[in-house]
Amino acid sequence: MFMKNDFFGKDVISVNDYSREDLELLFSRTNEMKKLVEERGGDERLKRKMMAALFYEPSSRTFSSFISAMQRLGGGIIPLNGMTNTSVAKGETLEDTARVFSAYVDVLVIRHSQAGSLATAAKYCSKPIINAGEGATGEHPTQAFIDLFTIKKIFGRIEGLHFLIIGDLAHYRPTNSLMMALTNFKNITLTLATPKQVPIQDYVRKFLKVSKISFSETSEFDKLLPEVDVLYVTRVKKEYMSESLYREIQGSYIVNNSLVKKMKKKSLIMHCLPRIDEIDKEVDDDPRSVYFRDQLQNGLYVRMALLDLVLNKD
Amino acid sequence: MFMKNDFFGKDVISVNDYSREDLELLFSRTNEMKKLVEERGGDERLKRKMMAALFYEPSSRTFSSFISAMQRLGGGIIPLNGMTNTSVAKGETLEDTARVFSAYVDVLVIRHSQAGSLATAAKYCSKPIINAGEGATGEHPTQAFIDLFTIKKIFGRIEGLHFLIIGDLAHYRPTNSLMMALTNFKNITLTLATPKQVPIQDYVRKFLKVSKISFSETSEFDKLLPEVDVLYVTRVKKEYMSESLYREIQGSYIVNNSLVKKMKKKSLIMHCLPRIDEIDKEVDDDPRSVYFRDQLQNGLYVRMALLDLVLNKD
Amino acid sequence: MFMKNDFFGKDVISVNDYSREDLELLFSRTNEMKKLVEERGGDERLKRKMMAALFYEPSSRTFSSFISAMQRLGGGIIPLNGMTNTSVAKGETLEDTARVFSAYVDVLVIRHSQAGSLATAAKYCSKPIINAGEGATGEHPTQAFIDLFTIKKIFGRIEGLHFLIIGDLAHYRPTNSLMMALTNFKNITLTLATPKQVPIQDYVRKFLKVSKISFSETSEFDKLLPEVDVLYVTRVKKEYMSESLYREIQGSYIVNNSLVKKMKKKSLIMHCLPRIDEIDKEVDDDPRSVYFRDQLQNGLYVRMALLDLVLNKD
């Protein structure tokens, strides 16, 4: 089946810009990339193309998988893990910085602390911007793509699954993107369990309420565990809250073996990492835990696929 | 016409080491690079060559355009945007550091806070050093090359033009290099307008006074605007002065639409960026403003040409 | 002679994992790399392979030579000179970080402040980890490989030589590795001269005492100089001690021309750099000083050889 490449030459800022068909194209290209890496490590399809990775906030996975992805496809990199030694130190705005880098590269991958800033920067930038995580309350669309690809690869489908997402959802951009992206699929049940101080962002709640998703919020999730297909655990994002709030909610949801033994045999335990203490290490070896396996590994393949689709028309 | 490559294997530290013929060779190679990038993104002429980018001071444009340039020509990079995590932290001198990197690479691109330090380092370093900006009071020769190339490309010549350079010229290395490089061309008129606290460096003034340039300094420039061909705006370099001096002179020269409307239709508004508030955003879209267009973009082509000339004899 | 590659697919954490035969294989491959770089700059044998350089502590030589080595063999890089902008800032453990990067690369080169941490991380990491310097009291095996290769290349042998190592040996990982690696060779005499506050680590002393090396410790070394074949000078590692201890021992051993003139004509003055004041600059030009020549330069060739052996079976 021929699929139109709606990613070509465009920014990747919000999951809401993509249809079910777009996601299927991305997943299909991701499968090709997985095969390519496993068989040959990569190829030369992005030769003489350049990617700037501009990370205003700390990153390990997103930064390194994009850097690896670009080079595995033959492209070059401007790797800036931290922007303090750039003109940002002299007071340059994100708009101006994006415009500058766009003169030298073919695509910009940007992580920034301000939700909404990338859409503004994109207006001034002649090259595609890929959102690598934006603001405490914004989106992290490529992580959602990875999560969906991982789930589909294992379950064979996304439709009909029950998702339970737990933790600090007030400051968690990857799950903001994941939840909104789930509205592309049928018969999804989505339950959120958060400490009352850190509920989901209002704009996401509103988005979900007008969707066809079966959506509910709770503060206790133990009894749901036998029903869920996907348990998604999130980190309490200390860097985005006061020390006192952190002390209040830290450790409120700790996932350990005694909890996950309630889950179905065919289910998934996900986390987009880093994990601090919210998943006990004893859970790492559970066969349903994919956070150090497929979910992590697919980060490379999805980002290779995305760079390919954004930079190559065919 | 065959032109001898006087760049091959040599340091690029001061514009004063180059003749008019050298500059023409560089411009000619830059035109080739522009065509190469536009048609094919780059080539492999620097394959298996390595460039270390050692930036002791913040940089966006210079750093990223060199990093992109090297890779677009097939070369490899050691990208150090900030030197605080190197042996500099252990007290190593620039001489020793340059000697160390020269063992592993073919060319070193260095930005350093101390004027004169690169010439000293070059004595100990077996590989060419390219000055990527040196000291508050020193030079930034590659920016001058970019500025001259941009002007020549648009006007078809540099001879006979009237340059007005405004702002904090006490701490502005790009224009130090530009002004001295202008002495290679005939019938140049050069007017400087600065707050009285931050005049041009003495060594540059002396250099200009013994040259054939028609040179003058003023503190008011409005009435000159109808005559000038090139208005070059500079940033008040806060990082090199006291807070009190900054407050005194900040905002003394703000270029906006009501000023630039006095300029000729065929003239240029230049700035080597970053800009803070010294050029109002409303000027960005003026067709004579090249700072986010040719002047920025040519940074890539000029630096590709320079790396090629320094590393390849023919 | 066919030599079995015991490096392939394995971690490189301690010199004690290598036999004399392993070292000979490494030296033989290093000679090939030297020839390769001198003749052609490199080749493509690591094409589509990726190396992450994760440096938790400052580095110039080790970082840059690995980065250059990987690219000269056609491979790609994730260059992190400083880890403060990664998930380390969010509290991620080294084990988790190593596991993460292993999903995206083929080999990890790690410098870390905690002796013993790499062996722990390696248990969780599916890709080889190369120790690029570990802890104040740990090892720096690749520097020892470089030192041995350099000595063998110049003397034609390592057997039978007299080594004098001076300085702060309580905090010097390169010489920890060098001394232990010397036990692979016959008839070695090893004398250490240290300020009494900073003697060699106990675990190294014990290792040497049960070996066949002729080993002694002293605090005066002048009279030994006429006998030694290799004088190895080390830096007082200020970053690992109190300010008061630093003031006590700083400058206790300064090597200058009046000292080295006592040495044999055929002998070597070594230092793995950076040097602060423990070797006077006047010694740099002595023909026996190899620290800015072979010892520095061989860093590239040895690390190319090591990457090749770890990543390619044949």
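Going in written order, the chains are labelled A, B and C, and every chain counts its residues from 1.
Basically, contacts are C-beta pairs under 8 Å (C-beta built on N, C-alpha and C of every residue); 3 or more make two chains touch, one makes a residue touch a chain.
Just so it is clear, the structure is predicted and the values come from calculations on it, not from any experiment.
The angle needed to superpose chain A on chain C by their Cα atoms is 120 degrees, rounded to the nearest 5.
Where chain B touches chain C, the two copies mostly use different residue numbers: shared numbers make up under half of all numbers in play.
Measuring from the averaged C-alpha position of chain B to that of chain C gives a distance of 40 Å. Each of residues 79, 82 in chain A touches at least two other chains.
Those residues of chain C that touch chain B in the shared complex are 40-43, 55, 57-61, 63-65, 67-68, 71-72, 79, 81-82, 235, 238-239, 273-276, 292, 296-297, 299-300. Residues 47-50, 52, 76-80, 82, 84-92, 96-97, 99-101, 103-106 of chain B are the ones touching chain C in the complex.
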